[in-house]
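Next come two complexes built around chain A: one with chain B, the other with chain C.
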Partner chain A sequence: MVKQLPALVGLAVLLVLPQVLGSEWSWLVLLLNRALIFAIMAIGLNLLTGFAGQISIGHAAFMAVGAFTSYGLTKFAGIPFWGALPAAGLVAGVVGYALGFPALRLSGHYLAIATLGFGVAVPQLLNIWESLTGGWTGVKPAAPYLFGLSFREDRPYYYLILIVLWLLAGMAVNVVKSRTGRAFVAVRDSEVAAQAMGISLTKYKTQAFALSAFYAGIGGSLYAHLINYISPHDFGLGISMELFTIICLGGLASVNGSIVGAVFMSFLPKLTERVSIALQRSGAFEQSHFLQNVFKNFNQVLTGIILILVVLYLPMGLVDLWRKAKTLVAARGVK
Partner chain B sequence: MIVAQQIISGLATGSLYALAALGLVLIFKTSDVVNFAQGEMAMFGTFVAFSLLTSAGIPYWGAFLLALAFAALFGAAIERVVLRPLARAPLISVLIATLGLYQIINGVAGWIWGYELQPFPAAVSGAPINWGGIIFTMQNALNMGVAVIVMLVFFLLFKYSMLGIAMRAVAENRVAAKLMGVPTDRILALTWGLGGVLAATAGILIAPVTNLDINMMASMQIKAFTAGVLGGFTSLPGAVIGGLTLGVLENLVGQWNSQLQTPFAFGLIVLVLVIRPAGLLGTIQKKKV
Partner chain C sequence: MAILELQGITVKFGGLVAVNRLDLSVADGTIHGLIGPNGAGKSTVFNVLSRYYDPVEGTATFAGKDLLRAQPHEIIDRGIARTFQNVELFKGLSVWDNLMVGQHHNFRYGLFPSLLGALLPNVRTQEKAARERALEVLQFLGVAQYKDAFPQFLPYGIQKRVEFARALVSGPKLILLDEPAAGMNQGETHELGELIRTMRDRYKTTVLLVEHDMPLVMSVCEYITVMEFGRKIADGSPAQVQNNPAVIKAYLGEEEEAAHA
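Coming up: the complex of A and B.
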């Protein structure tokens, strides 16, 4: 019980938070919605990269597949959202499974290059398919209805996302503990050793890709019906890089780390925006063209710096800070 | 005749890909790092040249050389500050670091030079050559010439010079190279410096075609990867042949639907890696267990 205390407290805070906040905090709820959707996708990417050791820096492509599948099913096939959501995950999963096969022949850098190409190619292909995706103009997925309830508002939607996150995070934790999860880790640590122990690389690598793409597809569907406006080019390398940054920062091979990283990376732009507005009010921008430019694109540089600092000084990610703090406290206790 | 013109135009575009790929291959060959920030290094060097040309009023070739000198220091500094501490880190860490560098260099360039598209002067001007109806500009000829010359110079350097042998030794086995008295740290810094020079050269020659802005290398980078993969990623002549092949094939596909060019490049990467992972001219690196 004591071991699970932080998780329970965290869950309680997440449950109560939108109710406590007044209407002037509605931007925070929207931001939380985004953060939790990214947490879902980051958990998926972490299963692939953190546990199975397969790099993907084009993951937004799966998100795009999920988003447009969900849009297409709700708009043209008349399938309600609760059917389209899992279907979006499954379609993305099938695409991930298919990509898993060429990825079998690749590892390390080559896989990174191939997934990068995939991440760029998919939005372009979707852009050509204008009847579904609307091309450059994009499309407007409707807010979902569930059992007669409308999820147009951010607050009900928040709980919907939270439930999906809870289910999928739980699934990830169980997968990691299972035979499949152990096989992922074995493949990551040494392909040769894994094969020698009778682990089929084909089976587990394609499974990891499919599973990870499933998470991204679910995230894409949730995102599409939350934002209510999507176009193929929203799912470019920017999002892929953000997902990749989230798992590196939060902690590779950690489900909790994915959530922490996603919340951190979603709130970072808001923070710099606040600083930027404050500076603007103080009149600092009028003197300096450079400062204006800096705040137009501050996050990107900050993201880059975070990536490098994490790699150099905190290779296990933010969750490692927590672990270190715990051992420190434990050591004090012994004295 | 239209097909011939398409092929020639494809070769012209392909030589840009080849230029962009050479630096990637050079750095990968010696330091085993696929540098995702290579395109941004090219863009940054080009902006330096642009500032020297417009603000400082230095003539073209002077600005070109000064920008190359800057790029060499820049490349070496990146190796020293970011890559060297990661010498023993796993591959994914190195990859993350170069992606971080990509973000930083791209963002800082925006801070300094803003986000507008700028025209960039061409290295050479002059009437295009009309050769029996097939048109070929001086710029195209220069790009292709530079790509082939750079490829030859570095190919010979790798094969015959002491420096090249030292570079290959570092690539083969860093510890053994060190034991043989090769100053591995200095060689790696030098490689990244040369990689920076190649990047800036590519950027300065590409900019008149794409125009200058912080994202000028975004699609070029994917093409450079494709060219590298096509040629084998460890072979300099392979990078040039890969770049030219990609340029021609892509131009023929673009005839049909220009939006399919990048998906085509991706398809080609996957196809080559699956059918012949070593590319056209590369050698397979076997991993010891």
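Coming up: the complex of A and C.
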């Protein structure tokens, strides 16, 4: 029970948060929605990169596949959102499975380059397919209706995302503790030994790609119907890099770390922006034109500094803070 | 009866002939040593058996089946497990989980049941049985107290034992040990010899051993094959091999060269 306490407290906070925030905090709920969608996708990427050791820095491409699949199915095939959401995951999963085969021949930096190429190519290809994606103009996926309920507002949508996150995080935890998850880690740590234990590299690398892409596809669908406006170029390298940063910062090979990292990365720019504005208002730099210019973009500088500090002092990710805190408390308890 | 039979195995790397028409017959239930000076081709033979290398010629039969048709990950299903010269434990997994991977091929569930995990009674039963079996093997090898530790934080000798356990837990008919005594002191090596014998008796496996430590090889092996420059130069009981002039020349020749160098 004590062991599960932090998880329960976390869940309770997540459940009541949108309710206690007043209407002036609407932007925060939207930001939270985006953060939790990124958490879903980060969990998927972490299964691939953190556990199975296969780098992908073009993961936004799978998100795009999910987003446009979901849009196409709801718009043209008359399939309701609750059908389009898993379908988006499955279609992205199939694409991920297919990408897994060429990826088998590559590892490390070379795999990074190949997935980067994939991440660049997919938005371009989608851009050409204007009848589905709208090209540069983009398209407008409708807000979902589920069982007669509208999810046009951010608050109900928040609970929808939360349920999906809870399900997919639970599935990821199960995988990690199972035969499949252990095989992923074995492939990551020693390919020769993994093979000698009966683990087919082909099978588990392609499975990791497919599973990871499934999570990204689900995230893409949720994102499309939340933002209600998407174009192929929204899913570029910026998002791929953000996902990669999230898992490194939150904690590689950690499901919790993926969630923590996603929330951290979504709120950090907002936080540094506030700090930056406050500094400018205080008039602290009125004397110096130079300093004024420097602090005009101080939010980005500060974000960068914080990222560097985290990787320097928490190389195991933000989740390591929790472990460190626990050992500290335990040490105090002994005294 | 021979459980493993190699005939005319030749392995080439470019122009270099690493193994030259090797015949090797390992009798069921024996502890068989494969020795020879550095570069004799012993490890190459292991890598052929593990299916990392393909021979250009020759046949390999294990338990009556053509071994060369198997892929590296299918070897363990045929009943061959191995350890590595430089310990290859999975550092991201606990000792216990390393032994769970050792039983990977025994599980009968795939990706989709993995997603539901312990919610499925079938998965729960299989996991529980595998955990118990792993613990039993760890106990047999005297390393059960390290079950929750991560391998990289353990002393080298313990890591070797864990790797041993991981190979043993799959229930192999043949276990390939690649220089198990490397990096061990005399006392540890002696214990290792005892362990190999007890293991064979208890788990009824056949052991094929590549080793440089002569006292260990001579005391533990019942049959020895000696290689030099990719060829077999002698085989027989430890006493026969020790008195074979070709073997003495191969080893003494090496020492002389070493003395001049």
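In the analysis below, the second predicted complex is superposed on the first by the 296 of 335 C-alpha atoms of A that agree within 3 Å, B and C clash if a C-alpha of one lies under 4 Å from a C-alpha of the other, contacts with A are read in each partner's own complex, and residues count from 1 in each chain.
Simple rule for what comes next: a contact is a pair of C-beta atoms (placed from the backbone, for glycine too) under 8 Å apart; a residue touches a chain by one contact, two chains touch by 3 or more.
For clarity, every value in this text was computed on a predicted model and none was experimentally measured.
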Quiz item: Can A:Ser240 be said to touch chain B (first), chain C (second), both, or neither?
Solution: neither
Quiz item: Touching A:Pro315 in the superposition: chain B (first), chain C (second), both, neither?
Solution: first
Quiz prompt | Touching partner for A:Ile199 - first (chain B), second (chain C), both, neither | solution = second
Quiz item: Touching A:Asn127 in the superposition: chain B (first), chain C (second), both, neither?
Solution: first
Quiz prompt | chain A: partner with more touched residues, chain B or chain C | solution = B
Quiz item: After superposition on the shared chain, which partner residues are touched by A:Gln207: those of chain B (first), chain C (second), both, or neither?
Solution: second
Self-check item: First (chain B), second (chain C), both or neither touched by A:Asp189
Solution: second
Practice problem: Could you tell me if A:Gln54 is touching chain B, chain C, both of them or neither one (first, second, both, neither)? | Solution: neither
Quiz item: Regarding the shared-chain residue A:Gly181, is it in contact with chain B (first), chain C (second), both, or neither?
Solution: second
Quiz item: Both chain B and chain C contact which residues of chain A?
Solution: 192
Exercise. Using the touch rule from the top, collect the residues of chain A that touch chain B in their complex.
Key: 49, 53, 55, 57, 102, 105-106, 108-110, 112-114, 116-118, 120-121, 124-125, 127-128, 192, 237, 241, 244, 248, 252, 289-290, 293-294, 296-298, 300-301, 303-308, 310-312, 315
Self-check item: Partner chain C, residues of chain A touching it in the complex
Solution: 171, 173-175, 177-183, 185-186, 188-190, 192-201, 207, 211, 253
Quiz prompt | chain B residues within the chain A interface of the complex | solution = 28, 34, 36, 82, 85-86, 89, 91-93, 95-97, 99-108, 110-112, 114-115, 218-219, 222, 225-226, 229, 257, 259-260, 262-263, 265-267, 269-270, 273-274, 277, 287, 289
Quiz item: Residues of chain C touching chain A in their complex?
Solution: 50, 52, 71-77, 81-82, 84, 88-93, 97, 100-102, 104-105, 107, 109-111, 113-119, 123, 127, 166, 170
